[in-house]
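A short worksheet on the structure shown next.
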Amino acid sequence: MISVGIVGGTGYTGVELLRLLVSHPDVDLKMVTSRSEAGKSVAEMFPNLRGFTDVCFSEPDAKTLGACDVVFFATPNGTAMKLVPELLEQGTRVIDLAADFRLKDSAEWEKWYGMPHACENILAEAVYGLPEINREAVRSARVVANPGCYPTAVGLGFLPLIENGLVDDQHLIADAKSGVSGAGRGASVATLLCEASESFKPYAVDGHRHLPEIRQTLGVAAGHAVGLTFVPHLVPMIRGIEASLYAAVLNKTGVDLQALYENRYRDEPFVDVLPKGTMPETRSVRGANLCRISVFQPQAGDTVVVSSVIDNLVKGAAGQAIQNMNIMFNLEETAGLNRPALLP
Amino acid sequence: MISVGIVGGTGYTGVELLRLLVSHPDVDLKMVTSRSEAGKSVAEMFPNLRGFTDVCFSEPDAKTLGACDVVFFATPNGTAMKLVPELLEQGTRVIDLAADFRLKDSAEWEKWYGMPHACENILAEAVYGLPEINREAVRSARVVANPGCYPTAVGLGFLPLIENGLVDDQHLIADAKSGVSGAGRGASVATLLCEASESFKPYAVDGHRHLPEIRQTLGVAAGHAVGLTFVPHLVPMIRGIEASLYAAVLNKTGVDLQALYENRYRDEPFVDVLPKGTMPETRSVRGANLCRISVFQPQAGDTVVVSSVIDNLVKGAAGQAIQNMNIMFNLEETAGLNRPALLP
Amino acid sequence: MISVGIVGGTGYTGVELLRLLVSHPDVDLKMVTSRSEAGKSVAEMFPNLRGFTDVCFSEPDAKTLGACDVVFFATPNGTAMKLVPELLEQGTRVIDLAADFRLKDSAEWEKWYGMPHACENILAEAVYGLPEINREAVRSARVVANPGCYPTAVGLGFLPLIENGLVDDQHLIADAKSGVSGAGRGASVATLLCEASESFKPYAVDGHRHLPEIRQTLGVAAGHAVGLTFVPHLVPMIRGIEASLYAAVLNKTGVDLQALYENRYRDEPFVDVLPKGTMPETRSVRGANLCRISVFQPQAGDTVVVSSVIDNLVKGAAGQAIQNMNIMFNLEETAGLNRPALLP
Amino acid sequence: MISVGIVGGTGYTGVELLRLLVSHPDVDLKMVTSRSEAGKSVAEMFPNLRGFTDVCFSEPDAKTLGACDVVFFATPNGTAMKLVPELLEQGTRVIDLAADFRLKDSAEWEKWYGMPHACENILAEAVYGLPEINREAVRSARVVANPGCYPTAVGLGFLPLIENGLVDDQHLIADAKSGVSGAGRGASVATLLCEASESFKPYAVDGHRHLPEIRQTLGVAAGHAVGLTFVPHLVPMIRGIEASLYAAVLNKTGVDLQALYENRYRDEPFVDVLPKGTMPETRSVRGANLCRISVFQPQAGDTVVVSSVIDNLVKGAAGQAIQNMNIMFNLEETAGLNRPALLP
């Protein structure tokens, strides 16, 4: 059994981690910390967990956390980086669901996140936890930077094209749409039901924090910097991301895009390339650790269109974090994650 | 392993049965029949099942179904009663998720369902599959009539009061609200997103088919006929039923209603009486085989208010059917059903 | 032209007042105050108003407000009562959309609203602005207490029965359901889309502030105190209230309930009794100043069921306030309010 | 007063036409036809119209329709073209909300709509009713082809760029999203609440019927054929379209895109260019005849991003049709259309 701690379990990635971990066959959930809710039963805050765990929120404390095999951070950006060095010293491995360790370039990080980085020295060793590109590195990582939700959907959607140099990677377009849970569980006017339901809008057109993260992933795959326009939108639903990706095919002849995608992801347990002509929908992955992808070349033109869907809280956050944990501890990669989506 | 067949797997109770059965540790899913979709892959129709089953819809056929240990009927009313006798002859046990075997009085059945009953002789032996009242009978039943969704929520909510004769059972009121999946997956204008979302309405005020079923359950518990006003409403959401129940307390003194409910359901794995003062919400049981109940006596008056929530597709249909199967085959009653609800 | 001021225009009743007033043929909108947003353009906060008004939020100031013919308060409870005396001195008439002047009994008010009342002396003259019972008093009122949303739906639904002594008025039951906009535009976790959508729940079962208000209205109609159990519920939609009302008919013979309701409301421009057998739905009044009502006696039993729907922001708040203004200033009662609901 | 007839008033564009026309100061609604609903009161089918019209559905009949000044067709594609010649003979003018007269090239029309065209000779004179490009032609038109919903949002969004030759018009990308009402009021599984809510998906990636229509509009503006990738998506809401448009700027220096858009639409009553840095949301135009547009050049790169929103049933259908009628009959262009959107 792996002993697990969670720092900051009061948000949506926190409760999703808990939902998945309480059914995980190899996990012993030791503690869930929350400064604001210390003493309160986790199941009182999240009634779906009544009967599944008796854990109460506790004060975060590096020493007791350090007794865990692995600690998940489901905290706001900037929290994990302050505690991680102390945990590593105690031999505890870390999976950060926030952004602290996602960007290799600390100057870039500071520009987008608006604060100095507290442990730049760890950035180099931290592994970007997208198993589909970094599985072997994850296996032995002490610190895993769990990818952002948009970067997971956009990255997995573009990778086969970029890795093979098939498209103009200086003018990539990612039109992404997310359910409201991506904005978190904090009280805010913009995400009230009365503001966000029955409406659709773009946001952060001028620049979203996930832009440099996607660029980094695709840049590594391309072997050089890529050009990307990334426009996120807010969808009136709770869970789900769909990313429609557009790129100009460099050479129209010869490449079977369907086969390319199927081959790239044939052995991936959590990426499902749909049959030719089929389009994905976010509900087909609701609650499941899965990315479903379709690839099109409309009217046989020179623009390739990829549609990629995930549940932002699962493959885009908590599920992928558990997938990383499974890899780190040599468990079945699918342990605790092998359930169908909830449909309808 | 129990070999299982499903007749009529193209509706919402069908796909929910499939979602739960493909993860059930003791089930071998042999066949899913559908006249209209025969030959089509189940996973093609329900993309959440891709990767979880290779079964294709087949033509319903009593002989091959008869090779299963148990057959679930997820069919329109009036279908099961035509096939069940033949299955029973082959030793196959049956769980009917439709209404064919729910009412003991065939005249009453014919009045509400508008057709003659095809096998009245089986009505007497059929067991009404609400485990909380009929667990022992279910264990040996050949035919289980799986309860309706409203009758499950209303029945479990009223039972402790009725069984103990604590309220005026001639003037019970059940104000029930259901998500739209209760209306099924058939194409109809009334359940289009544009008709049913962003709106709320009562329906069938003059008489809903679940009225006689609830009356029968409560009548058995009371030992005499009860009087009930039952008003269902349509809620703009996919899953969930909440029933607010009202009754006049016969004697205000002395009974601790909270303790009454907690004691009644203490040993029930799928009924959760909430702590005093807490109110249930349907999302706390989304996707889970669970009924959550609260009991109140507002302003210490003589009206008792009970709120009972279920997922209409799980404890109100497919989940309860699997719970019955578990009981019938001496499996752990919670096998395949012990997962937290999906929240948010 | 009536010169109009609004105090506190940043919430949902505020923006709804603005939406209706900018199209009102007899209104000159002079000012909208908001301490927190002073200086900001109203249309910047509420983009639906771009092109319809140039007004900016201003600091509330009794003197400039006093230059208006009428001032609407769309403020939290407890605000209007502090400014009203000063406005009345200047000859300005007041319509309070909050609760400050709704209860005649100041002790009761203080119990439910948790603060001392600042101008008890005005309570006696304030007119409870439900035109269907107080039209003549509204005409000459200096202060109109605009009814709460639930009290409007429940009150209009019960009145014909209570006024005619046809039911047991000691055991009335009102099972009411509201869209989320009833909870206001303040940032809060409970009304986030991810908390309130795809779910349904009761709340405030132990006692909601609208309970004494409904009791007061029905008590006046009955000529004595009534007994009422009132259970509100939260519906996953933006606008709309449906109240299902239950009462025991005292004498089953003789009364034609349909005719009773039709006669009671025949001359009311904003109450629509539906044809016998038809059920209302909240979307049929979305955005409209209208209460639609149906009355039933299921299975010809002794329980009468009434279903009453309104848009909580219109007939339950801003629309009714304008209806009151129209009456107070001898305008056409329907001026600015005579548009069909938005459907779908 | 203009005497008006509607053919086919049982769908969503039909009820929206009715909602707007019953409040139009210059319109006398003569008849609404529907073969299937003949004899039924319009207000019985659409309860929001109760009290606003007494019209009943009647059998379509060219002679009585010919007595109207103008006839709107809110019918499936292929219906108007069969009746229009007979109406024109009687001097009746026609506004077709379906696609029969939108494409100038009948071969193209037949390819996309799968049937022969019944009156090709009228195609040449029919005016494509996007007032922002064809106002003068609409004024004297006998037949107006009311634009499709996507073509309105995408066309208005791209026009300023295309008319001025500022972008690579061979690789335009339109990523469009629509509420479910765009799919109409016909019973179908795909648009059930339980299928379409809480989910997001692309559809018709291989080619949507609005593609040739958009190409035609942009081609005329460019003076040559354009290249366009158009991907529509389904949003879990009732009303609203958002189109995110992407194009490569040919010359990055010098053009002030914000000023370009503001100047282009300065005199348009129903196009609102938002202030720089502001993003549109569909709810800001819900129920209103308005297109709101923002233009961006993220990270000062060479990709321009335009976001354009409309209510698909209003500026995308019924409202634009009335705008065209107003122009055709020399009424105020804004008559009957000048109301704020319903928000929240």
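The chains carry the letters A, B, C and D, assigned in the order they are written, with residues numbered from 1 in each.
Basically, a contact is a pair of C-beta atoms (placed from the backbone, for glycine too) under 8 Å apart; a residue touches a chain by one contact, two chains touch by 3 or more.
Please read all numbers here as calculations on a predicted model, not as lab measurements.
Undergrad: Going only between touching chains, how few steps reach chain D from chain B?
TA: 1
Undergrad: With contacts defined as at the top, give the pair, A-D or A-B, that has more of them.
TA: Higher C-beta contact count between the two pairs: A-D.
Undergrad: Which whole number of Å gives the spacing of the CA centres of chain A and chain D?
TA: 39
Undergrad: How many angstrom lie between the centres of chain A and chain B, each centre taken as the mean Cα position?
TA: Result: the chain centres lie 37 Å from each other.
Undergrad: Can you list the chain A residues in contact with two or more other chains?
TA: Touching at least two other chains: 12, 181, 185, 194-195, 197-198, 236-239, 280-281, 283, 286, 344.
Undergrad: Along chain C, where are the residues that touch chain A in the complex?
TA: Spelled out, the residues of chain C in touch with chain A are 12, 180-181, 185-189, 191-198, 236-238.
Undergrad: Mind listing the chain D positions that touch chain A in their complex?
TA: Counting only chain D, the residues touching chain A are 171, 173, 175, 177, 179, 194-195, 197-203, 205-207, 227, 229, 231, 233, 235-240, 242, 244, 246, 248, 277, 279-283, 286, 294, 296, 298-299, 301-303, 305, 307, 309, 344.
Undergrad: Could you pull out which chain D residues touch chain C in their complex?
TA: Its residues touching chain C are 12, 15, 19, 22-23, 46-52, 181, 185, 198, 238-239, 272, 280-281, 283-288, 292, 338-344.
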